[in-house]
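Notes for the one structure printed next.
Note that the chains are named A, B, C and D in the order they appear, and that numbering of residues resets to 1 at the start of each chain.
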Amino acid sequence: MEVQEIEHRELPRLWELPPQRVIEDGLRRIRGSGTVYKVMLLISAVCAIVGIIAFIVGPISSGWNDRQAWTYVAITFGILMCTIGSAPCFSVCLRMVRGHWRRPVNRLAEIWAIGMIVPLILFFFLLGILPDTVGRSSFWFGWPVSPYLWDSVMMVALVICGYGFLYVGALPDMAIARDQIEGEGGGIFTRLSRGFRGTLYDWQIIDRAQGILGAFYVLLYVGSMTVIAGDFIEALVPGDNSAIFPAQYTIEGLEAGIAVTIFAMGIMRYLGGLDEYLEAEQFFAAAKLQLALGLLYFYTHWTEFIIWWYGRTPREVALLKIFYFEPYFWLFCVAFATMFLSPLFILVWTRVRMGIVGPWVTSGLVLVGIIIDNIRLYSASFSTPNIYLQELSTIPKAYVPGVTDILLAVGLLGGAVGVCLLGFKLVPYPSIWEVTAGIYLRVRRKYLKTEVVLIGKPN
Amino acid sequence: MAGPPNSPGAQQTQQPQSTQELEKMQQPNPPWLPRWGMVIDLDRCTGCQACVVACQAENNIPINTEEMYIQRRPIEWIRLERYWDGAYPDIKARFIPVPCMQCSEAPCEPVCPVYASVHTTEGINMQVYNRCIGTRYCSVNCHWHVRFFNFWQPKWPDSLDQQLNPDVTVRSRGVMEKCTYCVQRINHAEQNARIDGNRAVKDGEVIPACAQACPSRAITFGDTADPNSRINKLIASTDRAYQILAELGTNPQTLYLKKIDPYTPAAAEA
Amino acid sequence: MLERHSHSTEQIIEDLLRPVTQTTTMNWVAFIVLGGVLSAWVFAIGWMFYWGTGVLGLNRQNIWGILIVNFVFWIGISHAGVMISAILRLSQAEWRRPVTRAAEVMTMFSLMTAMTLPFIHTGRPWRTAYWVFPYDFWRGIWPDVRSALVMDPSAVFTYLSGTIMFVYVTMIPDFALLRDRSIGWRHALYRVLALGFKGSERQWKIQTISGFILAAIMLSIFVSVHSIVSWDFAFSLDPVWHSTVWAPYFVIGAVHSGVSAVVTLMALMRWMFKFDDYIREEHFDAIGRLLVVVGSTWMWFFLLDVFFDLWRQDPTDDAIMRMRFFEWPYTLLLGFIFIFGYFIPVPIWLFRRFRRNIKVMFWTSILVNIGMWSERYWLVMPGLQRKFQWTFDWVPYRPGPVDITIVLGTFALVGFLLLVFAKLFPPVPVWDELEGQRFAGEIQVGKRSVPAIIREF
Amino acid sequence: MAVRGVLGLFENVDTAVAGVDAVNEMGFGRSDFEVLSNCPFPEGAFGEEQEMHRLGLWPVVGAACGFATGLLITGATQMAYPLVTGGKPLFSIPPMIIIMYEGTLLAAVLFTVIGVLFESRLPRLGSSLYDTRITAGYIGILLHSPEEQAEAVAAAMRRAGAEDAILEPLRQTNPGRVRQQPQEGASA
């Protein structure tokens, strides 16, 4: 609330850094890797192995017909789509509103796209257990080869678009790496940077391509979240025609995408030694969006609940029970507390938002929330015996995960994080060219008796 | 909503002769609570529309003149819906009388902003004309279309001035109205019951106008809370009983008995 | 920004006060025309009160009519104000400055207009006033909070009073300006309204901060208002109305139509008041970019709604959807929704060249609102005509002359009120414009001097 | 001791800053004078001022009051009239939440606006020292000095480049309650 607080705090140091320094920081991770990085990479590697073993032992051995055995594969897939899948959308949104503070953050949001290969693989496995759309409620209406072909097209396009978006954004930095890094490390970048020379034409191409790919990424993300929510959750629960649900799921995804970015910002600041780049300014602005999406989370859930509460036909009562009240009540409570209450009550205070710890902790809570919420949704939708009914007559019992389920989820998540970590060897962070441009476009100037910051806005 | 407790011209009511009787009349409801319900046997119904006319006369419903039908604004608390089934020459007329279903969980009630449409303790879904402001939301949310709006000030030909039922309010322009299970008759019966020894209303003591007028005795009215009332017996005796639009889960109190039809068994499903 | 013209302070004030100080013949023509339509509107309402609701085109089945549709439309238009001013204030977007007040004022007037419609639509309006307003503490019974028709007035009332206070606070400095430059009754009026505002640093500080706080609060009100309006329909059990997506879908549709209406208003102001130096191409550019996003989101929700109406392939839903798709006039309206509401404007807005062309922006924004009006009709009316499988009761709906007069009258009313406002108060915030000028700077990058904005952090 | 207001009118920003310096030299702190302008300056353009305000508190208090009122009205309605409608619970929470939400926000807005008026010390119709040129772009420095120093202050301001320095007319009793002639009509 007290907006004047903002004006009295000291100006961020980032914009006074010499450009050479930015280059050094950007390439540090590529030149050599610290112990923390190595340890994290090791842990995730172990996770990945465990996860793959559990995957083979659990779902694959139990075959395609037993849908419930695949519950935690779907949950892992959902969590990944909601977090690393949506983080690039956050970056796109920042580019669209052209916030000046975004420059050190963008790359951190985009770099998650590297991990998208994991959910893609899981997705192809999951298609196996999906019944075709003949004679059941879906929005394909018996369209040929639906849902398999069209869902896959969506997902593949999304992943490709994500990689393209990341690559285009990183291209100038790869060129810098090519020139600054000697030895075999430089070799990769020579190939990757495609002879980018930084001519005006090159920059225009980069700008154009980033705009287009970004827009397509957001469209594809929304589209694929919609079909996933429809085909993997709603269509499997008889009588569920809640039209808000795909939007609800997408918004949860976007909230978690911001959360995962803020969380990574915190890690980079405390463990990655980037405290000059990721400062209160970045956390403050990102936390605002986190708060907004937390409110949207409540809004979408509330609209669904209130309509069912008023309608109260047997069909809707059954839906309220299975999703909210009977088997998964406590899961829902946890998700609600972490994804709505914690952003609301922690981030509504400007003082907290301007600190670093508040947003960071909140983002961690939101990540817990998104995990729990995916467990709630997929456990509910994968436990209904007969999906061809008009309404859910008996509420199935809650699905309690076994050891393999837990190992599988943890392992695959860890593996995905590991893939993203590998990305840091390939993509300079913080993004050198954006931060440098920011330094040029931002000057401190004396104004009468005070000192103000001028932010350049080229068109 | 019915007339004053002891209004003149009420045939079945004996007027209070003494203060004791007046006190008896005014003592509170007995502990037993009826839950009024209706069963319409479509197999007996001949579609003669006597119920419609009787209801019209009993409840002071304005005359449905031709232009009311042209405007598609007729007011029929109980109406006879007619559907053509099949194609000429072997074409059948299906019909179903539709009064208010008196849903136990009526969708028309919670949408009223001024509590004009509320549930009585006896399970009747009643309309409080004085309170109604005519938002018409109740009609929007009633899926049996048995709530009617007075688009105009009701008028009767001079010759009919004397036939208005004194027990029933004449609704003014701009209010909703609906079937009340002839609540005025129910009130009279309960008053009589209170007078002689505060007893329960006997089965068959209350007969709404439509049931009274039905020549083929297709309409049975009674207390569903009382296990051995005629209506409960009737429901128990057959497997033909069903509710219309039961899937909405509003639990209507008006039940139908399916038409027995060798040709199209499901014909009664309007 | 790019094409900012640096005028002297005096010049800016003169220009922006022109609509207040001068009355063109164009104004008079507009006053007379709109006044004529308004008198027809008043007559129609009087006629309806005298003869009763029967004069409307309603019937037993279609018990809510075009008036309710129009109510939804105007509530939708009213969502522009907060969308523009609040969101752009919070994100400190520089191009909000000339737009905010027009948008907020349009919010105010369209809300007032919208509220008249359900009120006169009730069977006994005098009773409505008697029961509901003022909140009835002593005469019998209070409104039933379970009814959406109680939430609705509470939400709209909150939004309306909030907007009025918001607009007033942001106008105090301009009242002070007018107070210092007027004589006679105008001086008396402005002097009272300005509350003795001096423009001290503290007052300016409070003014700025209150902008942020009020914007944040108004934003959360604005989301709730159209949600509740949609719940008027969605709380009922009617097949296609009873949809969980309607609340956000209505809100985003409202933003779509409202922001387009703001574009219309900006173009009109630019033409009528010669504000070319203040309402510039770059503003249309920015708002057009915003509209692309909003419009696409709206399309997404629209498709969600349609697909999930068909989702269960339930006969009751199918009856209505078949009517919506294949029966006159709904098939035409569907065409309007798709073509006017999305597929003509949004591709056009994708091109910077067109976004910066005022005429194009004006006409596309008009198209959008035609599309959105049809959308409201398309959404609301079929739900009543094919409510359930009672084909006996399937009755067509045709609005009568009185309905249509009242609907047209509402447009005249909003236009008239806006004109009157522009005669009394500056339609573009003068102090905000001056502040924008003062906070504009330049940065030398190499040979180019980049326009820059002063930020205090 | 009696206090007398001095209002220096400066045509542009630079002279205004000079005026501020001049006033500072005479030993007046930042809190002794206020700068009047026709649109906001960046924070502390005329030196940091310390004075705090509590505008942030108002909406919070308002929200609390509004929430309580909403709870009272909705709850009381359902308890005072236990009428069954549509088989809904006699005390149904979800509808209450919606109306409480509206009440909360309405009161929050209301309190914020009251807070704005209170914090910026409005309304003050009996206009104190003021000049219409300020809204025309001049910058005023309004200083309440001890009576005997007022003349000197005005002189200093003029020296610093003030186009005009208005002195509050002398009065003995009850400072601050004297009504000024409203200066009218630069242009209309």
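We take it that a contact is a pair of C-beta atoms (placed from the backbone, for glycine too) under 8 Å apart; a residue touches a chain by one contact, two chains touch by 3 or more.
Remember, predicted model here, so these are calculated numbers, not experimental data.
Undergrad: Quick check: more C-beta contact pairs in B-D or C-D?
TA: Spelling it out, more C-beta pairs touch across C-D than across the other pair.
Undergrad: Nearest whole angstrom, what separates the Cα centre of chain B from the Cα centre of chain D?
TA: Taking the average C-alpha coordinate of chain B and of chain D, the gap between them is 66 Å.
Undergrad: Taking the mean of the C-alpha atoms as each chain's centre, how many Å separate chain C from chain D?
TA: Distance between chain centres, rounded to whole Å: 31 Å.
Undergrad: Taking the mean of the CA coordinates per chain, how far is chain A from chain B in Å?
TA: Roughly 59 Å separates the two chain centres.
Undergrad: Roughly how far is chain A from chain C, going centre to centre by Cα mean, in whole Å?
TA: Each chain's C-alpha centroid was found; their separation is 35 Å.
Undergrad: Multi-chain contacts only, two chains or more: what residues does chain B have there?
TA: 105, 107, 110-112, 115, 248
Undergrad: For chain C, give me the residues that contact two or more of the other chains.
TA: In chain C, 141, 143-144, 146-147, 150, 205, 208-209, 213, 220, 235, 237, 454, 456 touch at least two other chains.
Undergrad: Where in chain A do residues touch two or more of the other chains?
TA: Answer for chain A, listing residues that touch two or more other chains: 1-4, 7, 306, 310, 313, 447, 452.
Undergrad: Please classify the inter-chain touch graph. Allowed labels: line, ring, star, complete, other.
TA: Looks like everything touches everything, fully connected.
Undergrad: Help me check something: in the complex, which residues belonging to chain B touch chain C?
TA: Those in contact with chain C are residues 71-74, 81-83, 107, 110-115, 131-137, 139-141, 143-145, 148-153, 173-176, 245, 248, 270.
Undergrad: Along chain A, where are the residues that touch chain B in the complex?
TA: Its residues touching chain B are 310, 312-315, 317.
Undergrad: How about chain C: which of its residues touch chain A in the complex?
TA: Going through chain C, the ones touching chain A are 1-2, 90-91, 94, 205, 208-209, 212-213, 220, 223, 227, 231, 234-235, 237, 242-248, 293, 296, 300-301, 304-305, 307-314, 441-443, 445, 450-457.
Undergrad: Note which residues of chain A are touching chain D in the complex, please.
TA: Residue list for chain A touching chain D: 1-4, 7-8, 305-306, 309, 350, 447-450, 452.
Undergrad: Considering the complex alone, what residue numbers of chain D touch chain A?
TA: Within the complex, chain D touches chain A at residues 13, 17, 20, 41-48, 53, 55-57, 59-60, 94, 98.
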